[in-house]
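The same chain A turns up in both complexes below, where it pairs with chain B and then with chain C.
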Partner chain A sequence: MSSTYGVVAVTLVSLATLGIGAFGLRISRTTSDFYVASRSISPTLNASAIGGEYLSAASFLGTAGLVLAYGADVLWYPIGWTTGYLLLLVFVAAPLRRSGAYTIPDFALQRLGSAAVRLAASLLVVGVGWLYLLPQFQGAGLVLHTVTGAPRWLGVALVAAIVVLNVVAGGMRSITLVQAFQYWLKLTALLVPLFFLVAAWTGDGRPAPAAGTGWFEPFGAPDAQGLYVVYSVMIATFLGTMGLPHVVVRFYTNPDGRAARRTTVIVLVLLGTFYLLPTLYGVLGRIYAPDLVGTDRADTVVLALPARVLEGAGADVLTALLTAGAFAAFLSTSSGLTMSIAGVLGQEVRRVPPLGRRLGGVAALRVSAVACVLVPVVLALVAEPIPVATSVVFAFALAASTFCPLLVLGIWWRGLTAPGAMAGLLAGGLTAGAATVVTIAASPEGWIGTLLGQPAAWSVPIGFVTTIGVSLATRRHVPPDVTRTMVRLHTPERAALSR
Partner chain B sequence: MTPDDVPRHATRVRITSPQTGATPASRVRRTVRQEIDESTGVGEVYVRTIVRAQLRAALAVLLTVVLTIGLLPLLFLWSDELAGADLLGVPIAWAILGFGVYVGLVLLGWVYVRHAERLESDFVALVEPDDESS
Partner chain C sequence: MAEKVSPQVHAAYERIHASPEFAELKGNYLRFVVPMTVGFMVWYLLYVVCSNWAPGLMGTKVLGNVNVALLFGLLQFLTTFGIAFWYSRYSARRMDPLADALRADFEDEVER
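Moving on to the complex of A and B:
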């Protein structure tokens, strides 16, 4: 395959991203513009932006790669990533918007009045963000290497540089426009080649995928471990979505709680539409590219298909389009993540005397953005590549074990106390974090390996039970203004109560 | 007992609330908004009511998800026929997991938002009975 088309595609997406970012720079002036786009974004635009930001490399490439390798077993992943938004809608969306806080640490501070809990939440935001950024950068290296033959570090460096430039230049307003653009780019990039691929497949007489019955059935190996993994993935993705830093920060850009809800329903439509496609790529891959199964190139099946199925310049153009979509996925998710971690870190940095206090809000954000990107870039360059779709599950498990209890209990339960929240963040964070580190460092086998590789099924209950238990034991620490907080979180803005 | 034994008009007693008989000056009706803003016991009840109603709606959605998507793995595990069955040439498991679930999720989200917004409209009507615009 000619690498020229691929280079052109990557260049165009990068330029478009930077160009829209520069347009945002013209209209983003104040700190509020930088952080939350002054909260003036319509549900449709915001939903496109959320979709653009959320559909990462794991969705664009990883899902098809997993379907190729494992078949129906892995359809639970995209289902979980979508259901996570439904639960976010019903438990978190409107109250979180009404809380008026920028980030989860801000929410913790407002709800509980504890600077210690805020700091713990900030550190966790950075941890979850890095876990999620790492596979994005690794995937970028893999894609650029596959398409153009460039060394892997170049893709990592390119994505990191564009992300930092964008965040430093425009902040949230430009990110919103970039993200919305990238949702539609990603959808088009998967949809258009699919028409040609399916047409060619029909022309070939619709061959069936060559695979054992296990690949076709939702449980290839129906044993206790397989069942545990499915339910653990469900718990991690259902409950982790609401705690991902780049997801939550998006809700502050809605004008009010009602718009936050409507935005989320549109997001469900956009995600549902998108997730129909990678599965089809995985199935076609099983027919035309079965040799990728079991290699580290399974994640590139989406990019490999046009050249396997079609011929000539048409295949090159379609590959270029898919490459553009994949790059959009890296750029959008990493931009959103970097923006949200930098937002949190920026606020913490400004509290550090003596240097931090002299920084303006925007300057602190810019310094933090660079710092936030450097660590995962270094990790992506030195660490062994792991399949993107499985590695993001650790980020989901960590978020589900820590931020899900904090948000859900903070919003719906008056009894939550600062010591309870702190204990829950520590317990959930340490268990899910330790499982992640052990799995990546030692990759144990058997039941231990399964339990540590998919920690959510036990670490999320630990997070909830600890938070509730310690809160009940420290009842006198229930914030005195909890009634006022409940009024602010749960009554519609139209009711014009004092909040 | 015949109607003649009980001279109705003679024995009728007027039962009134103390407020109705009071002078207009003391008839200041406290609004729901005041009750809530001043965190009185009554205001607290109003807030708890809307929070509980919204929580019930959220839990209903969660329960629906658990009883549908949550039971699918067990269903496929126990019923080989279902896991192997075809729908228009597509294995039914793929049709459900790759398509049907997403339609269900969107519908569930839409129904929930309508319900949640109705709860809020009722609450606004309670707090601001005069405000016709909302």
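Moving on to the complex of A and C:
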């Protein structure tokens, strides 16, 4: 396979990303522009941006890899990712937008009036962000290596550099434009090659994928462990979406709560449409690339298909298009994540006395963006590659164990107290965090390995029970202004903002 | 929340919170969300349960190589859109008017 097309594709996507970012730079001037694009993004543009940001490497490459390896019923991952949005819409979207805070830590401060809870939430935002950035960077290295033969560190460095440049230069408004563009690029990149692949498949009369016995059973293991894994993935993806920093911050860029709801409905349509495509790639992979099953290269099935089905320059062009889509996936998700964790870190940095006085809001954001990217880049270069779809589940599990109780109880339960929230964040964060570290460092076998590898099914209940229990035990710490907060969260903005 | 408000504004918030309209607003919300959440959770769990314990049923071919598992999976996506769209409509019809009325009340009271 010629690598020239791949290099051209990656270069074009990178240039387009930087170009659109530079265009955004010309119109973003204030701190509000930087953090939340001055809350003036229309639902359709915002929904495209959310779709662009949410469809990460795990969606673009990982879903096909899973379907290839396990069969049609791992539709579970995309369904979980989509349903997470539904729960976000129903329980969190409009009230969170009405709270008027920029980030989850700010929401914690407003609702509970506790600087300690805000700090704990900020640290968790950074933790979740790093866990999610790591597979994006590793994936970028893998893709560039597969397509062009370049060393893995080059892809990591390239994506990290572009993301930092864009965040540092343009902030949220340029990121929004970049991501909206990347959603449509990703959709095109999967759709166009699929037509050719399916046409070639029907033309050459190969049989439909052989339905081996394992292919219809969850995760190929119809035992208690397999079932546990399915439930745990469900809990993590259903409840974790609302706690992902780059997803939540998007609701602040809507003009009001009603627009936040409309945005979410459009997002669901965009996500659902998208997820059908990698699934079909997985099915085609069963016919043309069965040798990738069970290897660490199952994630590259999307990129490998054109060369196996078609011949000549056509295959090269289609591979290049898919590479462009994959790179768009890395860039958009990493940009959104970096933007939101840098936003949180930037606000924390400004609260440290000697630094805060010297740095303006925008400068603090820029410094934080560099810091936020450096850690996962180093980890991506040092750590062993893990399949993208499984590693993002850790980020979902951590978010589900900590931010889901904080948001759901904070919005819907008057009894939440600052000590309760703190205890919940610590309990959920420490259990899910420890499980992640042990799994990545030691990867234990058997039931212990399964329980630690998919912690959500036990760490989320621990988070909820701790939050509720400690809140009930510290009832006198219920914030005195909880009534006012509740009215503000549940009535539209003009009432909420007038004082 | 940290910022100071006048006793008058505080009283307005207290009154709205105690008003039957605010209770109705929250009631309408819960009446929709609780049955819906239970319903869609059962529907999603059914898919997992069937894949696990009824592989024969899930593997039944409906049309060509399209089997029940695949159709079931696609239906899950469709129902997710359906519920989201329905919720958005319901909020706009049954919740936003109430919330708007509360907002108008609040502004009257505070400006007086």
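As a working rule, the second predicted complex is superposed on the first by the 484 of 499 C-alpha atoms of A that agree within 3 Å, B and C clash if a C-alpha of one lies under 4 Å from a C-alpha of the other, contacts with A are read in each partner's own complex, and residues count from 1 in each chain.
Just so we're on the same page, contacts are C-beta pairs under 8 Å (C-beta built on N, C-alpha and C of every residue); 3 or more make two chains touch, one makes a residue touch a chain.
No experiment lies behind these values; they were computed from the predicted model shown.
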_Based on the shared chain A superposition, would you classify chain B and chain C as clashing or fitting together?_
clash
*asked:* Quick one: is A:484 in contact with chain B, with chain C, with both, or with neither? Answer first, second, both or neither.
replied: both
*After superposition on the shared chain, which partner residues are touched by A:7: those of chain B (first), chain C (second), both, or neither?*
neither
_Which of chain B and chain C A:191 touches, first, second, both or neither_ = neither
_chain B/chain C common contact set on chain A_ = 72, 75-76, 79, 82-83, 85-87, 89-91, 94, 213, 216-218, 222, 227, 230-231, 234, 258, 261-262, 264-265, 268-269, 272, 275-276, 483-484, 486-487, 490-492, 494-495, 498
*chain A-facing residues of chain C, complex*: 1-3, 5, 9-10, 13-14, 16-17, 22, 25-26, 33, 36-37, 40, 44, 47-48, 51-52, 55, 58-59, 64-65, 67, 69-70, 73-74, 76-78, 80-81, 83-85, 87-88, 91-92, 96, 99-100, 102-103, 106-107, 110
*State the interface residues of chain B toward chain A in the complex, per the touch definition above.*
33, 36-37, 39, 44, 47, 50-51, 54-55, 57-58, 61-62, 65, 69-70, 72-74, 76-77, 83-84, 91, 93-94, 97-99, 101-103, 105-106, 108-110, 112-113, 116-117, 120, 123-124, 127-128, 134
*Which positions of chain A touch chain C when the two form their complex?*
71-73, 75-76, 78-79, 82-83, 85-87, 89-91, 94, 109-111, 113, 208-209, 211, 213, 216-218, 222, 226-227, 230-231, 234, 258, 261-262, 264-265, 268-269, 272, 275-276, 479, 481, 483-488, 490-492, 494-495, 498-499
*Where on chain A does chain B make contact in their complex?*
72, 75-76, 79, 82-83, 85-87, 89-91, 94, 213, 216-219, 222, 227, 230-231, 234, 238, 258, 261-262, 264-265, 268-269, 271-273, 275-276, 279, 412, 483-484, 486-487, 490-492, 494-498
